[in-house]
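Input: structures, listed below.
Okay, so chain A shows up in both of these, paired with chain B first and chain C after.
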Partner chain A sequence: MSNFKKTSSKTRFTYVVYLLVAIFFGTSPFFIDAYFLYIFNLIGIGVILTIGLNLVMGYAGQISLSHGAFFGMGAYGTAILVEKLGLSFWVAWPLGGILAAIIGIIIGLPALRVGGHYLALVTLGANEIFNLILIHSEGLTEGVVGLKVARPRIGSFAFSEDAYFFYIVFITCVVLIWVANNIINSQFGRAFNAIRESETAAQAIAINLYEYKLIAFAISAFYAGIAGGLYGSLIKFIDPTNFDLFLSIKYLAIVIVGGLGSIPGSLIGAGIMTVLPELFRAFGDYQHLIYGFILLIFVIFLPRGIIGLLSSLRGIFGVKLRA
Partner chain B sequence: MEIIELRNVSKSFGGKVVLHDFDLKISGGEIRALIGPNGAGKTVVLNLISGFYKADKGEIYFNKALLNPKMPYEITNLGIGRTFQKVEIFPSMSVLENVLAGFHREFKSGLLSVSLGLKRTKEEERRLREEGMKKLDFVGLASSANELATNLPYGKLRLLELARALSTSPQFIMLDEPVAGMSSEEIENLKGLLYQLKHMGITILLVEHVMRLVMDISHCITVLDYGEKIAEGSPEEIANNEKVLEAYLGKRRDVKSRAN
Partner chain C sequence: MDIQIVISGIVAGSIYALIAVCFVIVYKATQVVNFGQGEVVMIGAYSGIVFFSIVGLSYSLSYIMTILVGIVLGVIMGLICNMAQLKFKVNLFNMFIVTLAIGFILKSAVMLVMGPNPYTLPPIPGMDTAPRKMAGVFISPLHIAIITIALAIMVALALFFKFTKIGKAMRASSLRIIAAKTVGINVTFMFLLIWIINGIVGVNIGLLLSPLVPAETTMGLVGIKAFAAAIIGGFTSIPGAIVGGFILGVIENLSGFFISTAFKDAVAFIILIIFLLFRPTGLFEKRFTKRV
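Our next item is the complex of A and B:
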């Protein structure tokens, strides 16, 4: 049918952009130095977390300030399963993601009965409680002292170099972007959009609001958990301050800066917002202030984020950038 | 046999009674109109049947099964579709996606199968897209399938909402002022669609102010005023009913014309 043409050229353009980005990052260990490789690892992990948060915020329209906890659950879950129970990273890591999804459901069960500001408050509280649990369960987490985390290995090969580790991050990123695209282009994605745009109409087409909000929350927490497992292994040492409320707020800002409800937006957002603090490292704690300032600017002047700005400039490309 | 039955249903908001001991029986295959002046409680009846409001008192039956403790999504799942007085579409989705969202009952693929893009999910998606185009074709919106819903003019939004409601495969559909804001050609077009729905065996409850449509199309008309049923009968009976004329036009009966 002729009216499908527009869609396919749009998708083709998106695929070409994805492919170019993938080729650049996939080959990057061959031409960048160790410092940038470390940053690229952080970007990849940030992308996974951002896409997860965007699924629940940008698509299902439910705010979450407990993604720091889900990220932490993945990191600590993976680390504890490896260090204390002697499981292989390759088993522990997906389990860490599943544990994060379970925590997501546990927090979501009461939290998703309320909406808007209340949901923000409940999830904020949940993040703080999780952090306190990390600090006080010394038997498992070593409390404020923190946990050492080993890099994964296959047989005798250890992913000790950041360049090797980068390929784990990179492949995970590609797979999870593909999965996220599959979800948002399915009935699940339509149901999430429906809930965000009109809860009334969503119910009138037989969508169980509570069930689908929980599903979105669980998927989102799983993404955060998978990102967390990688993060712990990348930095080799985790303590509760890595997973505090500031992390939740930082990623909320990243989702908004990139563009709510856009996967390419999440890539751009995570990229820019991972590089920026490196540039502002000299400012120390004032970094938080910079994040706050950027968030304010975007909320007031560019509520659709960078991706929204790009699609307003689409005359230049002749194609609309929205996946 | 009645497809819908309301027995002694009452509803009040903060002490103000909006529906009082209301009875309603609609038989399968019927086109029923529910009319009455503004604020008579017509939309309240729709919201009670579809579960958005909980009745204070009384029972609501659909195919002899009790509806009233159920949630709106469960009621849709049983086969009751509806549209809204103030159009409720999904503005950022395309016209086709709006209709596809309506196929929620049909959609069987699980999250894992969707995530991994398995073949049967893709097959299902393709089949639903074809079905969706058929629904759009039915209401005459096939040529706008890929437009953003928010770009449609008002009359077409109402048709889109109807198409989406039909995607839930209802046995019984409730339309809340479906022709409000439509031109007379658009009204004629919708009238044709409603006749076709009736032929497909779908029972219709129509809340409408446009008397020309109501008088032409309905088998039976129920009239509400201040939350009470004041009359029920064929279009001719209602057109000549004293109480109805009074409710619409006031007490002095020097107006002999039909109530519009």
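Our next item is the complex of A and C:
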């Protein structure tokens, strides 16, 4: 339990890494071209979603295949509140996150009573139902045609350039990483860990399994919703195919590739898995296949992900990332 | 007119029941929940279409080729899952991510090769598929054939597990791997065998299904729905899965008629959620026990 040793050298090392990464990304709009800024935006959004999913999968040990739906709920919720109800983005966006959390609780209420493969199935089914609803409630979502989404604005200033938008993504990302870190080191985080390690043991020390699993699920869905709101606004157009099961499986793969139960792992995973498809654009058709194989290989051979690999190399570098 | 809907529900139900039985046998033998089952079914449907309509083999030859595809698929899935489960000791939580990934790979591969357009398998040449009036209802010989074949496969599987020596050995391996090994059961081989059986049955389901619905890459959804059927039946009992499959098929068709066809696909999940809330052990089992 490295979480208790607050000021150990490896924690300090982690903070230095965080700081360097933050400085690099924070100043990047000044020296990076537009295409890479778009990728950075995608990475930031991916990081938020991955960390949310990691809270539920890596920390609380519960599988979720409905994060595509939570992500979509955030995107559609924000877009509908802005476009149809005329709310400001800054009100609609957190509301989108809260709506996603509510959906998360609604799905979690029956599914978390049993867990395991039942949870996988119910969440998978929930994603399918969500997609059906998106397609068939044309009045709100315009069905398969899709919705146009405007970039947010403050007064007369619109975040129309990716460089401006990046600061919203970046600040959100930093804040949510900080929040996640605090959750992990709080009573909740320790309860999540206990549940993941042994439900029976956790119950024996008076942890209300159901309640804590629901909390984990709701927080995770909120993260996904916030990421979704940003995503819709970034790409300016959303339709139901953006939020299908592939997205859920993709992020399942990202969490596992990065490292279950590790925030730095989520950063690495989301970074690599967002950049790789862009590097291999020519293989676009093979993207799904590649994700499938990556998931399969990591889950069998490297279940602790890249971060697990790095920490087993600690002898070489003399430092250990918190995994 | 409603009895007509019930009948098409039974036809769909026999398919669900058969897939649910596949879930149960794999789960009973290996403790793995196979999330790739729907994709095995999809491969069956596509193989039938490729060999019969595209390659142009005769019907019986296409059938044999499809079975061979099923065996190969079973061997591949078996080898991967055995390696993961027995050699690398992947836990059961991650095992269904393994099967999910396999299913996803199959789906993406078929998408790459065949494209997103649906295909239909023509009915057996010379078979009269026109509905006939029997005992006051219209029913097509095709539907009767589907129900009969599905039931025959289910009964054969149930008998195999109950009465043959290999079936018994498989049940023993699922109870406790080490104990099964000490009495001389080759657990690895038993697991491989069950995956092969699963592959063969899976492609057969695909062939049965393809005259009813066109083959698409999203066809694997049927497997997920059948999972609900398996849960209705309690997930460890073959008769339970069969009953669950028929219940699901009939309810789904009735709700498609009375409520909305757009949300027909959602019915299975709603039934599933209701069962998880009120009866997570299924219709027939009494107690919910969990291994610590």
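Criterion: the second predicted complex is superposed on the first by the 315 of 323 C-alpha atoms of A that agree within 3 Å, B and C clash if a C-alpha of one lies under 4 Å from a C-alpha of the other, contacts with A are read in each partner's own complex, and residues count from 1 in each chain.
As a convention for this text, contacts are C-beta pairs under 8 Å (C-beta built on N, C-alpha and C of every residue); 3 or more make two chains touch, one makes a residue touch a chain.
Model, not experiment: these values are computed from the prediction.
**Student:** Just from the overlay, do chain B and chain C fit on chain A, or is there a clash?
**Tutor:** They fit: once the shared chain is superposed, the two partners occupy separate space.
**Student:** Let me test your reading of the model: by the given contact rule, A:L121 touches which partner, first (chain B), second (chain C), both or neither?
**Tutor:** second
**Student:** Touch test for A:N208: chain B only (first), chain C only (second), both, or neither?
**Tutor:** It touches chain B, and chain C stays clear.
**Student:** From the overlay on chain A, compute the angle at chain A's CA centre subtended by chain B and chain C, rounding to the nearest 10 degrees.
**Tutor:** Vertex chain A, arms to chain B and chain C: 80 degrees.
**Student:** One more residue to check, A:V179. First (chain B), second (chain C), both or neither?
**Tutor:** In the superposition, A:V179 contacts chain B only.
**Student:** Figure out whether A:R281 sits in contact with chain B (first) or chain C (second), or with both, or with neither.
**Tutor:** neither
**Student:** Tell me the contact category for A:T200 with respect to chain B and chain C: first, second, both or neither.
**Tutor:** In the superposition, A:T200 contacts both chain B and chain C.
**Student:** For A:A191 in the superposed arrangement: first (chain B), second (chain C), both or neither?
**Tutor:** After superposing on A, A:A191 lies in contact with chain B but is clear of chain C.
**Student:** Look at the superposition and give the distance in whole angstrom between the closest pair of CA atoms, one from chain B and one from chain C.
**Tutor:** Least C-alpha distance: 10 Å.
**Student:** Between chain B and chain C, which residues of chain A are contacted by each of them?
**Tutor:** Of chain A, residues 198, 200 contact chain B in one complex and chain C in the other.
**Student:** Which residues, counting only chain A, touch chain C once they are in their complex?
**Tutor:** That would be residues 61, 63, 110-111, 113-114, 116-118, 120-122, 124-126, 128-129, 132, 136, 198, 200, 249, 252-253, 256, 285-286, 288-289, 291-293, 295-296, 299-301, 303 of chain A.
**Student:** Chain A touches which residues of chain C in the complex?
**Tutor:** 33, 35, 80, 83-84, 88, 90, 92-94, 96-98, 100-102, 104-105, 107-109, 111-112, 221, 224, 227-228, 231, 262-263, 265-266, 268-270, 272-273, 276-277, 280, 292
**Student:** Residues of chain A touching chain B in their complex?
**Tutor:** Spelled out, the residues of chain A in touch with chain B are 1, 3-4, 6-7, 178-179, 182-183, 185-188, 190-191, 193-194, 197-198, 200-209, 215, 219, 261.
**Student:** Can you tell me which positions in chain B touch chain A when the two form their complex?
**Tutor:** 50-52, 71-73, 76-77, 81-82, 84, 88-93, 97, 100-105, 107, 109, 111, 114-117, 121, 125, 128, 133, 143, 145-146, 164-165, 167-168
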